[in-house]
Amino acid sequence: MKEQRSIKIAVIGGGSSYTPELVEGLIKGYGDMPVSELWLVDIEEGRQKLETVGNLAKRMVKKSGIPMEVHLTMDRRTAIRGADFVTTQMRVGQLEARKLDEHIPISHSVIGQETTGPGGMFKALRTIPVILDICRDIEELAPNAWMLNFTNPAGMVTEAVIKYSRVKTVGLCNSPINFKKFLAEAYRTPESRVLPEFVGINHLHWVTSALVDGKERLPELLMGKGEYTAKNVPTLGWDPEFLQSLVSIPTYYLKYYYMTSEMLEEEKASLEKDGTRADVVSRVEKELFELYADESLEEKPKQLEQRGGAFYSEAAVQLMQSLYLGRNDIQTLNVPNDGIYDFLPEDASIEINCVVTSAGPIPLAPKHVPQQIKGLLHAVKTYESLAIDAAVSGDRGLALQAMVHHPLVPSVSTAKMLLDEMLEAHRKYLPNFFA
Amino acid sequence: MKEQRSIKIAVIGGGSSYTPELVEGLIKGYGDMPVSELWLVDIEEGRQKLETVGNLAKRMVKKSGIPMEVHLTMDRRTAIRGADFVTTQMRVGQLEARKLDEHIPISHSVIGQETTGPGGMFKALRTIPVILDICRDIEELAPNAWMLNFTNPAGMVTEAVIKYSRVKTVGLCNSPINFKKFLAEAYRTPESRVLPEFVGINHLHWVTSALVDGKERLPELLMGKGEYTAKNVPTLGWDPEFLQSLVSIPTYYLKYYYMTSEMLEEEKASLEKDGTRADVVSRVEKELFELYADESLEEKPKQLEQRGGAFYSEAAVQLMQSLYLGRNDIQTLNVPNDGIYDFLPEDASIEINCVVTSAGPIPLAPKHVPQQIKGLLHAVKTYESLAIDAAVSGDRGLALQAMVHHPLVPSVSTAKMLLDEMLEAHRKYLPNFFA
Amino acid sequence: MKEQRSIKIAVIGGGSSYTPELVEGLIKGYGDMPVSELWLVDIEEGRQKLETVGNLAKRMVKKSGIPMEVHLTMDRRTAIRGADFVTTQMRVGQLEARKLDEHIPISHSVIGQETTGPGGMFKALRTIPVILDICRDIEELAPNAWMLNFTNPAGMVTEAVIKYSRVKTVGLCNSPINFKKFLAEAYRTPESRVLPEFVGINHLHWVTSALVDGKERLPELLMGKGEYTAKNVPTLGWDPEFLQSLVSIPTYYLKYYYMTSEMLEEEKASLEKDGTRADVVSRVEKELFELYADESLEEKPKQLEQRGGAFYSEAAVQLMQSLYLGRNDIQTLNVPNDGIYDFLPEDASIEINCVVTSAGPIPLAPKHVPQQIKGLLHAVKTYESLAIDAAVSGDRGLALQAMVHHPLVPSVSTAKMLLDEMLEAHRKYLPNFFA
Amino acid sequence: MKEQRSIKIAVIGGGSSYTPELVEGLIKGYGDMPVSELWLVDIEEGRQKLETVGNLAKRMVKKSGIPMEVHLTMDRRTAIRGADFVTTQMRVGQLEARKLDEHIPISHSVIGQETTGPGGMFKALRTIPVILDICRDIEELAPNAWMLNFTNPAGMVTEAVIKYSRVKTVGLCNSPINFKKFLAEAYRTPESRVLPEFVGINHLHWVTSALVDGKERLPELLMGKGEYTAKNVPTLGWDPEFLQSLVSIPTYYLKYYYMTSEMLEEEKASLEKDGTRADVVSRVEKELFELYADESLEEKPKQLEQRGGAFYSEAAVQLMQSLYLGRNDIQTLNVPNDGIYDFLPEDASIEINCVVTSAGPIPLAPKHVPQQIKGLLHAVKTYESLAIDAAVSGDRGLALQAMVHHPLVPSVSTAKMLLDEMLEAHRKYLPNFFA
């Protein structure tokens, strides 16, 4: 990749409501990375949204004055051919499927969530075969491309690509970048001056060190300064004695594990009041697309920040630039374990600080891995690996084992009930299981 | 150890109702291993039981005609001095404490069990400091002795000795020997012709291979032939689809994890009907000691086999003989991991097939470790290691972390409640926590 | 494998002078393992020897009266079809090639030896492709057979089979069994009462413990009691201070590494006097075959014991019986590392004590691995792995790397000279390199 | 460490001829890291040199105008008290000892070199106890200080500190920085745009990747472009076929291993002509100190660059600044292995790219570790670990094992000769061995 060369990006799931943020990022970053072609791809069912959001993208680019072509297409192979970067941000089964992922578990008094628990498992079962299909295209048509996965469950999707394809891939989540922003703001210092250490995997990490301006701030954070949160997860508070003996700050997704009954109550109450989270998002998206459709709109609307995935695109653009320029800066990414955690498989995906070189990310081995968290981390990773293999093989036995060994599923009998009901509910998106 | 040399054995907790079985084993095995001195030790509170059971032992030996001296004493150091083997089979806080271990968790809808869950954790917290105190005596007075741990939770007690003393130790459970007997009986072959493979740790193992007369019988066992069980655990059945996709037979203790709600219901019903398991055992023990006190009794009474710990003593005598004779036979023991499972700490105790040489047991690395079980195994071992460190240090934070990270404890808030209530209830046996 | 079933054995290289020993072993062991068919296979060039030795085998069996059929054939596939055991004891290029392996290195002042150094490397390069060809037949025609490798370099040949085939294999050397016999004799006890611990790989092991009748005898062995040796290696003495700080007894092959200049001088002197070792063996074999051809001979002649490979066949028969019967006894074998030595690759072959079950050997992890030896062991294994990959691929670069990184090769320039000269000399047996 | 705080540096061996370079670096870097106190310490024998070089340092600082105090002292404890950084650059036994290290091995036809082979081993035996004595002072008087080791053999000295003290330490060599400069110059790009990957340990590394402006340049470097070298090692050329099949560029120190006989011949010829390297350096140093003594000199003289340790001080100042400022930049340092190489001990020192944070360096796991080099790397590390333990314990057996297992020592008999002769020659600097 020479600096002079222009860049082609293909966005799978280009009709997503997040796209304007990505476009904004590419416009702002054009000086560092001149993207000449942006291909937004979607499937037939998404044609309408693709056109709406794609036209907004075109207006944004036009206003900016940069020479970036925006293409809208249903033809994935054309979009991928010769691409430098392929990003994925899709939702197999759309919000209707998410609704089932959230609702069915709750109806059995099990956490119902998009990426955690049985819901996340079924999202993975639906998504992974499609992602691997895309990988086949990339292997053939853009073998040097980097694939950036935003698609949730991002850790599992990335692991599937690591194990079952030759595509170069990185998984991305906005949770680490949000924590850095929180930390920078709390200590009124630039983001470049904070260095938190993340231990774990996607949506299951612990912050075990927090250097701010060269000083370790974890102890005072554990004493209660500046609890951080995010818009898409309830903000129940942590027990201080627990945090201090944990000697690390758990991501908010860990509340599903450490405060299971409280979270379940909250989910039930929320379900009663507003429907599932999918219902809420559905309403937000509807509003967003109404805004996008306004032909006078030429920039990313403020309201998008309410959507929940804040800074995803910032993360993506940063990553593309560092790969392109060989910036050797530190970013928190989902990459293969490769021996970093000696208790996890070599080819498991982990979420970790990396130096991003032009040859790819190189992980920084964490300095503090609390004894406390190893078992839970391994338990969830075991579930993930089983579910990935189940997704690829369509093996019901593997799917049962994945479900049983998920720490949030209380028994074999509940696991079987959930499995039966959810397989049936998502039948049309699970061809591997119903061949 | 020369073959001609006579053997001295010290039994800590000699007043246990199990002692007659051990004595019977030593009498039968005298030809292979001539024990010249058997020291039964107990504490002041156990004097009465020690005398009753000790006098029975003396009558049994006398009847057999072998020249083995039986000593009864409250002086532990005299018993240990120069011993070849020290066995431990004690219960700190006696059945009263067990009753609390079982009752308090159930009252919070958490499994209440002697060795599993919060009950097992508190048994460990009470027992480990006493065991390490005994180790100090052995290090000084019998540095070449082998210490055989029967004391539950045997895996955790053994791990504590591995980590915090220089005593040579092995942990023993009757569960593997019971499975071998089941297998031998099911296939009408001698025990020496069966070789099951055990993967895991004490009270948390999976049988992943079952060679019988040189043939692999696991597949048919998974299809339902000959489910085995034990007297001290309810015999709910396993789901066949689950077993077959697990590709291994879980120990019955795993029902607490895989069938949690069913087991809890069973516990609650049983509590209603018969009181805790401690209450039941209490009645059984009372009857046994009445029998033992009968001066015409000169052999182990049949009723002892109903007690629940069948074949413990057979296991113990086999182990002592193989260490003494260098038999190089295969026994299933609790020993340090030492890299066998690369995802568990080196100094963790594991339950595994070993060749027993005169220099100690050498583990046989398992050939089949199902991917499925690694996370749960690591999660329970994480809890164990934290609880052991808590027992030694008296650190409340560590105890909280142990409790929170036990897979059967549903949340931080429940963990804190249980911790507070159980610390208070066992206060007098937990000096490390209340210094 | 049921006990009642009769056994078929195929011996690749059946015309070897060792065969009568194997036949004797099978006759003696018939009661435990009823072999019904023994197939001796050889190639066209070996027809004469096969007939001579095969007819002796038939006379031996006839005399014994057991109902074992002996078949002589050039048709390897027929011999292998449905076999229970396949043994290999062949020499690609015969003694002429060995002569070159020994002579060329010495002419460059490098150790010239059949299994160690550049000579061993070229034996591996010639042999491995032929062995893998045999494996293809076994995979197809006898997928459940065990392949027993006697063929030198046995460790490397076994590793090649592990890496490049699905055949179940074990490598065998007579060196460990010889050490056990030495130990038993030195302490006047049965072989079953000694348990030495072997650390390392084939022809590069250290004895790090020596239990005799349950007592550790290593310290006194290191003080000089009973140095052991073998007929096919010069018996220079070890330096006592060196041995004691090594805290282990090196195999006599380690003299090539620890006493390189002395061994080289010895080789040169011996070459001057008697020719290469290949020349000596050639004369011995000639005499043996003259004996074998004597139609009145009906048993293994005494003179065979002078041949150098004493007890190879005893080792083989013991192994076959234990696999067949599931004896669970301890034998020292070449098997995959599988994590035993964490500094060697998982799929490297190692030489180690194993329990031989009906499902195959299970290694016993060594208790004492001296820090001292790890580097040398890893260095030789690195050479071996490179040479194996070179043998399979015919890649000259890999062969050069193997040669350079062999600890006995002093420089890149010498390595290139040896490589060029030996590739040329063995050209007709190295089709992979001259395609 | 707050940015506002002033910095105290103690330089052990402050009388070294290298000191002016360090002083120059501190002056240039004053804007980034305001050093308020520089303490140059030496021993009584070095008083004269300390004064000469110290006065030059004072003149340099004075000329620069920055407010940095320069202190000269024989009182190590005063210098260390409260220091932020302690650097070591000393030579126990001075150049006279180095002369013996070089001369004695050559006289036995073994490589005689300051840091490699028996010479390096004896330098380690003399130096490590003194370094650990300094560590005791740091632990007491400046427990938060970073200790920067330049003292050779820097890898072994650093490992000794890791294993035998609680001091925070990093080892430094100028070899990686020289390679980066070579690469930057060869491709006419700034040093910040090159990222070579170093695999191995101090003075035994291989460059396995060379990113320049985001492009991998290793293949063309292996084809011969721009062989790099250094002033203190002969520049014999590498064999191209060897390099290409090695798939990496070995450091010039590896010529002692890969071209042993050629290097030995070169050493012998050079010895004949110019005396040992110590003699040459002795003459250079004499000239340098004559220059330093000139009171009109107020800057580092050009001639210092001829001395051989070019850019050592640049490396040191960069490291101190990054630790002080938390720059998170990439530097190549000697740090604990901690699982990076799974075949080396956890506490071994390795030389590796690190991100330098304010909490210390975090290693970047190498992406390409050629199979070829593992054995040699492990063999040398084994020697190093044994020699370190010998230095600390004074155990002759360990020293013998270290010497025997050094790949450049051809046999046990040569090892014993060298050991005897060198122990005697360095007797007065080896109190641990002659207690």
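Chains here go by letter, A, B, C and D, matching the order in which they are written, and residues are numbered from 1 within each.
Keep this in mind: contacts are C-beta pairs under 8 Å (C-beta built on N, C-alpha and C of every residue); 3 or more make two chains touch, one makes a residue touch a chain.
Predicted, not measured: the structure shown is a model, and the values here were computed from it.
Contact with chain A and chain D alike is made by no chain in this entry.
In this assembly, B is the chain whose CA centroid lies farthest from the centroid of chain D.
Chain A and chain C have Cα centroids separated by 55 Å.
Computed centre separation for the pair chain B/chain C is 45 angstrom, with centres defined by C-alpha atoms. The set of chain C residues touching two or more other chains comprises 342.
The chain pairs satisfying the stated touch condition come to A-B, A-D, B-C, C-D. Within the complex formed with chain C, the residues of chain D that make contact are 238-239, 241-242, 244-246, 258-262, 342-344, 371-376, 378-383, 385-386, 396-398, 400-401, 404-405, 407, 410-414, 416.
Only residues 1-3, 193, 195, 209, 211, 213-216, 324-326, 328-330, 338-340, 342, 355, 357-360, 362-365, 367 of chain C touch chain B when the two sit together in their complex.
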